[in-house]
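Look for chain A in each of the two complexes below; its partner is chain B in the first and chain C in the second.
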Partner chain A sequence: MSDAETMADSPKKKGKWTRRAFIGAGVVAGGALVVGVAVRPGNPIDRLSPMLANGQDEQLLNAWVKVGADNVVTAVIPHVEMGQGVYTALAQMLADEMDADWATVRILEAPADKKYVSDSIGRDFLFPDLEVPEIFEPTVAGGILELAQAMGLQFTGGSFSVRATGQRAMRTAGAAAREMLIAAAASEWNVPATEITTENSMLSHAKSGKSEPFAKFATAAAEQSLPAKPKLKSPENYKLMGKPLARHDIPEKVDGSAVFGIDANVPGMKYAAVKAAPVVGATVASMDASAAKAMPGVLQILNMGDFVAVVADGYWQAQQALNTIDTQYSKTEGDDLNLDGLFARYDSYLNDAGDDGGDIETEEGDVADAFVRATTKVEAEYKVPFLAHATMEPMNCTAWVRDGKCDVWSGHQAPVNARQAAADAAGLDFEDVTYHNAYLGGGFGRRSEKDNIEMAVRIAKATGYPVKMIWSREEDTMQDHYRPSATSRFQGGLDADGKAVSWSNIHTHLFDPQEAPTVPYYNIANHKIRKVDVPTHLRFGPWRSVDHSQHGFFIESFVDEMAHAAGKDGYAFRRELLAGSDRHLKILDLAAKMSGWDQPLPEKHGRGIAFVPSFGSIIAQVAEVDMSGAKPKVKKIYVAADAGFVVNPDGFIAQMESAIVYGLTATLYGEISIKNGAVQQSNFHDYQMLRINEMPEVEVQIINGDHKRLGGGGEPGLPPLAPAVTNAIFAATGTRIRELPLSKHSFA
Partner chain B sequence: MTIARALPLLSLILLAACSADPVPGPTEQIIVREPGDAAVETAVATPEADPELALIAAGKAAFANCSACHAIVADAANGVGPTLYGMIGKPAGAVDGFAYSDALNASGIIWTAAELDAFIANPAAKIPGTTMVAGALAEPEQRRAVIAYIESLSAS
Partner chain C sequence: MINLTINGQEKAVEVDPATPILWVVRENLEMNGTKFGCGIAQCGACTVHLDGQPVRSCSTPISQAEGKSITTIEGIADEDGTLSKVQQAWIDVQVPQCGYCQSGQIMSATALLTKNPSPTDAQIDAAMAGNVCRCGMYGRIRQAIKIAAGIEQPTTKETIA
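Right after this comes the complex of A and B.
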C-alpha cells in the first residue's frame, strides 16, 4: 500500500476541498493498481481494497479503476444499469482518458455503501449552476457531501450519470491512473515522462523501443505522487468517447445469463405473493383465509395491516392461494374519490387562486398589463392523466432476516436508500444490512421508491427464512407511485405584429425539476408562472422526464395555439421566440430541415413541431401523422438533439427511440383512472402498450454543441413527443387536443 | 437555479428521511407449516450433525435441476416427466398414466441407486430412445446427493 495522505488538490492547498474530487491510489491483492476519485478526504483504499479484490460484497464510491496483474482494466461504476447503457458510456469515458484497451476493459457495479455516494451528483442535483468562491469551497462541498449521504445519493436518475459522474469522476480517475503509470515507467526506464506514449493498455518509449503493459508498473505507479489535476483530453484526441461502441451488456442480455433483481436465488428461499389495500391509506379490517390455508404449497398467510401476503413453496402457489382470500378494508377519506372529482378539485383550487393566488415560480415584467394591452388574446386549459410506469420486470424483492442481519436482493435506482429502507423495516442498523443490487428490468423512476423493499423485509422478518416477493402485473399496475395527473391554464397575449408579449400560466402541483414549467429560452417580455398544490391520497412518483412530461405537452401545445392565433407557422413562430439563442435555433432548424417542413404532405396528413430543453439537453422533434383513418397513425418522428457532447451515439439514439416508444404509449393510451379511491386498470388489456405496428420510423441527428457541459440522454427525448404529435393532428385536422391520451378522443 | 429555490426540495427529502415510523409486523400470522418436507422435519438430528441428512439436504437443493419436469410428492400429477416419489426399488415405467418411451418401458431396469446414477449421468446413453432429453447431472457428487434425496422419499 502506498502512502495514504495524498488527496490534496495540490501541495499548497493540502487537505482542502475543491471542485475536483480527491484522487486516491493504492495496490490491492495480486499487485493490482487501484486509482479512484474519492468523495472525502483520507485515502479509503485500505478499507475498500478487500471489497474490490475479491469481487464480492460490492459497494460503491464515486469512480475507481483497477489495473490487474493480467493487464485487465476494470471500471467500477457507481450507477445501476436499467437498460440505459450507462455501464458502457461511463467505462468509455474512463478507458479513453486512460488509453486502456477497450477489448479487455471490464465493468463492475460499485457496492451500496453510504461512504461513497457521489458529491458531484449531490451537487448537480441540488445546485446545478452554483458558482462558489474558492474560499467557501470546503464548506459547500463538505456540506453537499453530507446532504448527498443523507439523501442516499448513490442514485441513478435525472439523466445524471454521464454528465455528472462520467464527466467529473470517471474521466479524472482514468487520466490520473494514466499519469501515474507514465511516471512509474519514466522512472524505471530513466526517460522523460513526456516521451512516453500510451495506447491499448500499453506504455511505450519510441526512442528506446521499450514497450510494456500497464500491469508491469501497477505497483510502482501506486508509489508515485498523485497528480493534482490530471490533464483531460480535448475532443480531437478522444479515441473512445463519441464512438458508437457496442454495449457491454448485450451478450448476457441476448443469451439470458443477465441477472435481474427478480432472478435472485437464495438457498431455502420461499415465495410470497402480495395484495395491498386498493385504496392507499386503508388497512385490512378482516381477512378470511380458510380456503387458502388448504391450498398446495402454502406455508404462511400474513395480514401485515396494509397488505396481505401468502408465502408458499412456489410463486404460482402463493398467488393462487392469495386470490382466494376474502379481505375487507377500513374506510378512508380517499374512498369517495373518482377521477372526475379529482379534476374538479384541481379546477376549484385553480379557480380559488384566481389571477394572483398560488405560489409564484417565475415572474418577469407585468403580465396583467401586457395581457390587457395585447391585440390578440389566447386562453387554453390542458389536462394530463395519471400514468403508471409498467416496467417489464414487475416489482419484486428478496429478503432474508436472521441473527441480527439482513440480506436484500433487488434492482434499485438508489441502492443506498434501499439498504436504509431495509434496515428501518428490519429494525436493524444500516451496517447490519447487505444490499445486493442486480440489473433493473426497467426503472423510469419506479425503482427509486422503497415500498417493495420494505414489504419484502417485513415478510422475511415474520417468517425467519428467505422469501422472494413478486408482485403480479395487476399489483404492479394498481400499486404504483403514479406520474401525477395535472391541469394547466394559460393566457397569452400577442401584439399587432403577432409577436408574443405575455405568457401567464397556472398549474397544479410541482414535483421536479423546478424549471419544468418555465420557459426562460423563449423571448417573451412579460411572463408569470404559478402553481397550486392540491391534496390527494394518491402516491406520486417520478416518471420518465418527471414534470417535463406534463409541462412539455402544456407549454408546446400553447405555443402552437399562440402561433395559430398569430397567423404564423409553428416553426416560424418558435424561431422568433428563440431569436438570439443560436444553439437553440440550430436544433429547431435541424429538426425542421430533417422533416422537410416546407414540403407538401398528402391530404389528412400533418406535421407538428415541439421544442423542449430538459436535463441539460436541447431537443426538437417533428412528428408526421396520418389522420385518414379512425385512429391517428404516427408515421415518423424526426429528432434533433444537442446534448453537449454525446459519448456513445448508438446508446444516445437508442435513448431517443425508447423515449418515443414510452412517450407515444402515454400519448395514445396512457391513463390510470380512479374509482372509489382505487385504481381501475390492472394489466395490459386496460393499460395498453404501443404495439410494434404502431411504432413510427425514427430519425435522430445529433449536434455536439458544448463538449464541456454535457446534457442527459435518458429523459430529454420524451417531453417534445406528445405535443409534436398533437400539433401534427391539429395541422392535419384543425382539431386541437387539450387532454391526453388520444384514446379519449374520436377522430372518425 | 438558485440555492433558495433548491432548498425546499432538499428539506422535503430530509424530513422524509427523519420521519421513519417503526415498521409494523404482522397483525395476524397463520403458519400452515414450516418449510421443508416431513423427512427432514421429523428428524431429530440436524443436517450439520448428521452427514446423511446433510447429503439429503444437498440433494433437495440440487433437485431444482429436476423439478421443472418432475414432482417428488405422492400421487402428484405427471408433468413433463413422471413423479419420482417412491421410485427406488420399482421397475422402470411404473408410474400410472405417464407416457413413457418404448425404450424405457422395454429396459427391464429395476431402479437402484446405481442404475439411477448411470441413467441421470447420461440418460440417452443408458437408455437410447428415452424421452428424457434434459436434466442430466454431470457431477458425481450432485448425483449422489439427488439420489439420496429421492431415496429418502421412497417407501423402503
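Right after this comes the complex of A and C.
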C-alpha cells in the first residue's frame, strides 16, 4: 500500500471509520490480505473499455453496466452462474435502480480481471460486522477494491452475491448510471436535472415533451463524473426487485446450447484422462504403461509425479488406456489411516482437551459453575462424516500453453484465482493468461479449488497443443476437497423450571464461517464453545454452507435433547430461547404454523423443528417424516425464511428446494470413508444421490424483515434440514440420531 | 465406418465400434448438449433416444446405433425452432439450476410422455429415477412433466408471508 497512514493493525480489530482509512487490514488464511484505503474515486472505465465494449457504438458507463447504441442495457456481472440465478438477480438490482427496460436488459459475465474483484465481497468477507457509514455506501469501485484484489477475490460463494455485490455494487452502479444519464440529458436539453424522469431505458422531460432513449446520451453520460452518492430507491419504489422474474440462463439450458466448462471446443484439441495418487500426498513410484502405449488413439502417457495422464485423440480412448496402466505409489503417513482410526484420533484430541483445553471460540458467564448447579444435566456427542461435492459436471479444464501465452477454459467460482493458478502452473505472468469462464455444472464450493486448473495447464505445457482434461466420476469422487468429518460434544444445564442455564461445546476443526458453532441468538446466560484442530491428510474444502452443515446438525440436535430433558416441546423450548428476538421468533412461529405443529399425525409419523441463522438469513424448517417402513420417508419440509429482502422470490425458493435436496442427500446417504488412507467411494452406486422418488414436498414462505441488510440464498437453506429430519425421527420413534448418515442406522 | 442417423441427418463416423455413443456425439459430431456424468449409467445426464427409446449413451456402444436413429437434446424442438412441450414446460416452471443434468432429464421426460401421455406420479418416479439432479429440482421436474402432459396448469403461489 502506498499510504502507510491508512493501514490498520490487524484484521480482527475493527478500525474506526475515518475518511482517510475506512477499512482495516490484515491477513486471512491462505492468502495475503492487504490494506484498505480511503475512498479512491478512480473510475476503471478506460482500462476496461476495450474488454467489454465492441467498438464505437457502445459506451461504458461504469464498471458494472454498459449501454449500447441499440439502447440495450448490459449488466456486467462480476460473479459466475452455477444455477443459483445470480445473473438474473444481480441484473434485476442494477436495472431497477437504473430504470432500465427489463425486456431488453442483457447480461455479460465480467472477464477474469483483477479490476472486477468485487469490493463489496472483500468487505463482507473480511468485515461482516462493519456497518458502512452512509457517506461511503454509494461510492462506486471504492477503496476496498484494492483489498479484495490482493486476495484474488472474484469469488462466487458464501452466499454473498446478492447481499454484497448486488446490494452494494450493482444497485449503486445502476443508480449512478441513471444519474449520469440524467446529468447528460439535462445539459443537452438545458433543463434542471430534477425535472427529468426515467422509465424503461428512456429519459423524459414532461414540461418540454422531450423523450429520448438512454443510448442517445450514453456518450455524454460517460463523460460525467461518477456521482459521489447516487440515491438508491426505497422498497416502495422497486419495480423489478422483489419480483419472481424468469431467469436469463434457463432457455439455453433446455435446448442443449448452454456451454459448460466441459464443452470447451478448441480447434485441434486432444483429450486427457487422469489418475492421481489414491492417497493424497503420495507420488508415482513406478508405472507399467506398456499396454496403454499400444492402444488406439493414444498420443502421450505422462508421469506427472502426483498423477498420471494419458492424452489421446478422444476422451474415451484416453480413459480406456489409463485404466490399463499399473501404477505403484510412494508410501505416506496417511497410508495406515482408516475412518475408525480417524474418529478415534478425534476422540483422543477431545479427551486431551478436557474441560479447559482447546481454543475458546466464545465464552460468557461461568459455564462450569452453572452446569454444576443445574437441576438437569444433558450430555451428548455427535458425529458427521466426510462428504464429497459430487457436482454433476465432473471436474475438467481445457488448456493451451504456447508462445509464452496460456489460454484456459473452465467453469470456476473464482476466475481470477483460476487465472493466477494457470499462470503459476505455466510459469507465466498473470497478464499472459487468458481465462475463459463458462457455466458451472454445479459448484457447491468444489469449483473454488484450483487443482483441476493446475493439472490441465501442466498437461498442456507438457504437450504443446490444446488439451481437454476430464476427470472420470471415480476421480471426481476420490480426489475431492471434502467437507470435513467432525465430532462434537455438548454439556447443557437446565434449572428447576427447565430453563437452559449453561451450554458447553467442544468440537473438532473450524473452517468457515467463524460463527458457525456459536449460538448468540439463543438466550443462555453461560456458554463456552471450544475447538480442537486435529490433523488429517484428506483435503478439506468448502461444501455448501461450509461449517454450518455440521454445526447446524450438532446444535439443533442438542437443543432438541435439552428440550426433551426439560419436558418441553421443541418448538416451545426454542421460543423461550429466542425470547425478545422478534425477527427470529417470527420465523420460528411461521414454520410451526405452516406445518400445523399442534395437529395430530398418524402413528409412526413425526415432526421435527430446527432453527439456524446463517449467511445473514434466518431460516426455520419443520420436517415431517414417516417411520412406518424400514427406511425413513421424509414427506414434507416447511421452510420459513427471512433474508432481509428477497430480490427474486422464485429464485430464492429454488435455492431453498435445492439446499434441502443437497442436505437431505447427505442426511440419508452421504458418507466418504477412508481405508488405508484412500477414499473408498467412487461413483453414484456407492456414493448415493437422492432421486425423484424420494423427493419430499417443499413449501416455502418468505418474510422480508430488513430491506437494508440482505441475507444470502444459496446456503442457508441447508443447515436446518438434517436436524429437522432427525428431530422428527425422534418424535416418531424415540430414537435419537447422533451420527449421520441415516443409512448407518437400522429402523426396522 | 459406422452409419447412423442423428436428429434426422445421416452421418458416417470412423470410430472404434466399442466407443460409447456419448463420446461420438460430443467429440466426433461436436454436439455438446448431451452430458457426461458418471460413465456407468447411474445418473442419466447422457440420456439420448435410440429409435425413440431412452438409453444411457455413456454405456451404449456406437455399434448398437448402426442403422438406427439417435435423437439428442438438439433434436427435439420443431424444425422452425419452436420448443417441444416438455422444453417449454421446463421454462414455465423454471426447472434448471446449473442445468448440467437437464438435457438428460428432458430426454427421459420426453420418452415417458411419448409412451404414456398421462403418467401417474408412480410412473413419473419410475421413468425419472435414473436421472440425478444434484441441484435438487425434482419437485419442479415432476410439475413440468404434468404441465407438458396437460394434467396440471402452471400456478403462481403467494410466497411472501
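Quick note on the criterion: the second predicted complex is superposed on the first by the 675 of 748 C-alpha atoms of A that agree within 3 Å, B and C clash if a C-alpha of one lies under 4 Å from a C-alpha of the other, contacts with A are read in each partner's own complex, and residues count from 1 in each chain.
Everything that follows uses one rule, which is that contacts are C-beta pairs under 8 Å (C-beta built on N, C-alpha and C of every residue); 3 or more make two chains touch, one makes a residue touch a chain.
No experiment lies behind these values; they were computed from the predicted model shown.
Following the overlay on chain A, a clash is recorded for the pair chain B and chain C. Legend: residue contacts after superposition of the two complexes on their common chain; A:Tyr271 is shown touching chain C, with no touch to chain B. When the two complexes are superposed, the chain touching more residues of chain A, out of chain B and chain C, is C.
Of the two partner chains, chain C is the only one touched by A:Phe684; chain B is not. When the two structures are aligned on the shared chain, A:Asp650 is found in touch with chain C, with no touch to chain B. Of the two partner chains placed by the overlay, only chain B lies in contact with A:Leu302; chain C stays clear of it. Aligning on the C-alpha atoms of chain A brings chain B into conflict with chain C at a single listed stretch, 79-87, out of 7-15, 79-87 or 97-105.
Shared contact residues on chain A (touching chain B in one structure, chain C in the other): none found.
On the chain C side of its complex with chain A, the touching residues are 15-16, 19-20, 23, 27-28, 30-40, 42-43, 45, 72-74, 77, 83, 87, 90-91, 94-103, 106, 124-126, 128-142, 156, 159-161. Interface residues of chain A, counted against chain C in their complex, comprise 82-85, 244, 246-247, 249-260, 262-263, 265, 271, 296, 314-317, 319, 390-394, 439-444, 470, 472-473, 590, 640, 646, 649-651, 653-654, 657-662, 665, 683-685, 689-693, 695, 697-698, 700-704. Against chain A, in their complex, chain B makes its touches with residues 1, 3, 5-6, 9-10, 13-14, 17, 20, 22-35, 61.
For chain A in complex with chain B, the touching residues are 126-130, 147, 150-151, 267-268, 270, 284, 287, 289, 293, 298-305, 313, 424-425, 427, 454, 457-458, 461-462, 465, 512, 514-515.
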